[in-house]
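My structure is below; once you've seen it, I'll send some questions.
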Amino acid sequence: MLVLDLGGTVAFAASGSLLAARRGFDFVGSLLLGSLAGMGGGTVRDIILGKAPPTSFERLEYLAAAVFAALLVYVKVLKVHRLRRTLLISDAVGLALFCVSGTLIAHNAGANPVAAALLGLTTAVGGGVLRDVVANEVPQIFSVRGVYAIPAFVGAGITIGLVYLDMFNAYTAVGTAALVFVFRVAALKWQWTVPAAVYRPKKTRT
Amino acid sequence: MLVLDLGGTVAFAASGSLLAARRGFDFVGSLLLGSLAGMGGGTVRDIILGKAPPTSFERLEYLAAAVFAALLVYVKVLKVHRLRRTLLISDAVGLALFCVSGTLIAHNAGANPVAAALLGLTTAVGGGVLRDVVANEVPQIFSVRGVYAIPAFVGAGITIGLVYLDMFNAYTAVGTAALVFVFRVAALKWQWTVPAAVYRPKKTRT
Amino acid sequence: MLVLDLGGTVAFAASGSLLAARRGFDFVGSLLLGSLAGMGGGTVRDIILGKAPPTSFERLEYLAAAVFAALLVYVKVLKVHRLRRTLLISDAVGLALFCVSGTLIAHNAGANPVAAALLGLTTAVGGGVLRDVVANEVPQIFSVRGVYAIPAFVGAGITIGLVYLDMFNAYTAVGTAALVFVFRVAALKWQWTVPAAVYRPKKTRT
């Protein structure tokens, strides 16, 4: 489980560092935005669960993961010449891993099934929202091109279902994350959309 | 009291969903922005009070209120063709209800009078600020046209006064909320202003 | 220690009120943005430490400090005609004082050395980030002209070092804060920069 959670941290931290690169921020900004993206969702979840201090401040692995991601971006291991795309992919990896690990952590902390799924969703989308808000951008979660929150919520729901069916293990966890990732990437590729906030009947010609 | 609090949640959630509609977000964005507006202020208050998990994550009524508001906006029960105005009104309703319920909840949790009033203010304005910040807008609270925070603070002050005078009941609670709502709407209608952040002597002609 | 912390609150609150002045917000906006800047970093630190309610909501001195700063800006004791510069200076004072007081408070609350330094950094930069995010600006911390987070982190590191060497007292505390302030102002004056988020080899002519 720690592996999933740290993997998600690296992936989200990379998305933060890539955004910093796109915006022309310096290396410290890259580190800060990466840390916020990578550890923000989990920190908000722990605060809501009343866990003080949050795991991300208690264990150094999370900070190390953020530093590692910032260095990956700095030395261009992550394809910086295709910034936007790499950012979306690493964001999708983080989303997939965090909706599983966040839900499980909330469940283990005693949250009821609905709260656990909501906290899994919060963990998965929280870091990305904080990243975008602090960088003064409209959060990716509100982008109408490509479904974002739904895959994470589905993943959180499957996780809580697996837990209650006593079928949650390393394989089903990775499988759920993979499903969420494929769902998100497919939604990006084919630009799946959900209905608008207001019902608009399709225009009909006469 | 729960009725006031849920009413405030619906009103603020509607303001969030209406903002999502104005910005062209999709239905999921509407649900998320509505939930943030409706439950954000109370969640921040509960976190500051050290109540974990916050009520909004523990009781499903709050989430249901946000879903209900998003559906209201979707089926255009709320006048979407006058988006800006409907948004301001539902925001004012939420402000009026939350400054009363937030102050009482903080008082019941053992906060001293000043802290209770401040937390009532935080509950009332927190959701709206989160809504605007996440949607990448300048928060309505900073708009110079129309007084926003003062009615909420006055309402929180009256509430704490009523509690200490042992005169707080369903009637005075609704009366206080009504007063705050009228104050806010009047301030909007006649564009009341408060002095600017820097003293500027009125220009005099010679 | 309370003196350092209140001094930092006044300085950051002044930076918030000055930003409100620059943006043309009204006096209530000045008070709110000042309170957020002055008390935001410490409130986030206390929430992460699990201290409820946060000191800023418990003690009235902090609120009084924010009101005092807003009044200073209102009556133009702070040079409003050189807004940008005065804002940067008061921000630097807050940064210097909070990285020392925040680290010490986190240490006294039982945080391990690394967490204490990170929380000192959070206290120092948190209020400024909240101020800029809520005012819908790109946070100063991401500005590539002038080093911002590094002086605060160095100050937090020195503070935790002094505490472990049993050499922390009023003199060394003020000395550390002064060092951070000079470091930050020098970085602003000579526009020191750190490497960009992505490694870019220097262009060479042929």
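Worth a mention:
Per-chain residue numbering starts at 1, and chain names A, B and C are given in the order in which the chains are listed.
Here, a residue touches a chain if its C-beta (ideal position, glycine included) is under 8 Å from a C-beta of that chain, and two chains touch if they have at least 3 such contacts.
If you're wondering where the values come from, they're calculated on a predicted model, not measured in any experiment.
Chain contacts in this assembly form a complete graph, since each chain touches every other chain. Between the two copies, chain A and chain B, the Cα superposition rotates by 120°, quoted to the nearest 5. Centre-to-centre spacing of chain B and chain C amounts to 29 Å, using the average Cα coordinate of each chain. Residue positions of chain B touching 2 or more other chains: 47, 50, 133, 136.
Within the complex, the chain A residues that touch chain C are 17, 20-21, 23-30, 32-33, 43, 47, 50, 52-54, 57-58, 60, 63, 70, 73-76, 80, 133-136.
Residues 47-51, 111-112, 114-115, 118-119, 129, 133, 136-139, 141-142, 144, 147-150, 193-199 of chain B are the ones that touch chain C when the two sit in their complex.
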